């Protein structure tokens, strides 16, 4: 399943944690796979309390990707950034709750916006005989 | 389970999507874990239509890893690149198809070739009571 | 479930492979999700035979994160490093053994220590009708 996000800038970090919390089953345990089906966007987990953390992430990814690119569409840096951050996160859940740390939030990362983007997700099963 | 790939250059991006498609079950849903059991190689998802995207990835990872290394085997940059890109991808599937975006392909990343390399995979189960 | 690690430096790479091996079930197959519930730490897989590889990783992540940060807590570089390396690894297992490559070890990555940190884990189920 999936939902959409609308990005408004060339590079932008959007907190999608609340949308993802709603799709968890009330019982059982496993892991939530969040997959971004784009090649110039990504998803990461980081601090959400201070928006400067996301802004720092954007600025430093911009810095790290500076240089020349062969790819003629002009979004070469966004493709590099997508592979550096990665197209998915996998978060454990139990009893209807994501097992994130106190400061962790899940962020959609736009590297070539503004665009309408999709966020795919899939619930994966915990091992039945997991007695931990 | 696993299959092999033969790399021909020091650094190389190889599209392994077709080999991975063949191992999916015809029915059911879950996620395909692709794990690279090497410490100087990795796996990523990016655009496959324009081969320049992979070439850009190689060149910029080479740039980002420049500098001095303590590791005496001469492949210090490859170890850094392996951790920056990561040893695995996890892709949702359903009804025999990988749920990749239109432009997404799965790439084996060689950082210290040429070598014979292994690609491991494991099918993970979707949650049975997943009604989304 | 989880266990704790105590880090002793600002930046440090700690091998946690042995603790993780102990939590595997003797039978069955699936994947072990290792999740770090912190925003200035991460987890990666790399070579463990030569400790210089971990030291190189620390030094080059320090280099890559140099520059100015808006985040006022002084640990801006650690937040960037956390997103570059990522908060989780997913390792296939079978018959009580992690399916790591010969040289692969799992490392907790401290980027803003010294601190007491948590390592969360969850066993995920392999697909039952997986005949590969």
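Note that the chains are named A, B and C in the order they appear, and that numbering of residues resets to 1 at the start of each chain.
The rule we apply is simple: a contact is a pair of C-beta atoms (placed from the backbone, for glycine too) under 8 Å apart; a residue touches a chain by one contact, two chains touch by 3 or more.
Computed from a prediction, not measured in an experiment: that's the story for all the values here.
*Asks:* Would the interface of chain A with chain B count as same or different, where same needs over half of all numbers used to appear in both copies?
*Replies:* Answer different: the two copies use largely distinct residue numbers here.
*Asks:* Quote the value, from 0 to 180 degrees and to the nearest 5, of the angle by which the CA atoms of chain B must be rotated to coincide with those of chain C.
*Replies:* Fitting chain B to chain C on C-alpha positions yields an angle of 120 degrees.
*Asks:* Distance between chain A and chain B based on Cα centroids, please, to the nearest Å.
*Replies:* Their C-alpha centroids are separated by 18 Å.
*Asks:* Of all residues in chain B, which are in touch with two or more distinct other chains?
*Replies:* 30, 64, 84, 86, 90, 124-125
*Asks:* Enumerate the contact residues on chain B facing chain C in the complex.
*Replies:* Residue list for chain B touching chain C: 1, 23, 25, 28, 30, 33, 35-39, 64-65, 67, 69-73, 76, 79-80, 82-84, 86-88, 90, 118, 120-125.
*Asks:* Tell me, which parts of chain A touch chain C in their complex?
*Replies:* 29-31, 44-47, 50, 52-53, 55-57, 59-60, 63-64, 84-86, 89-92, 99-104, 124-130, 132
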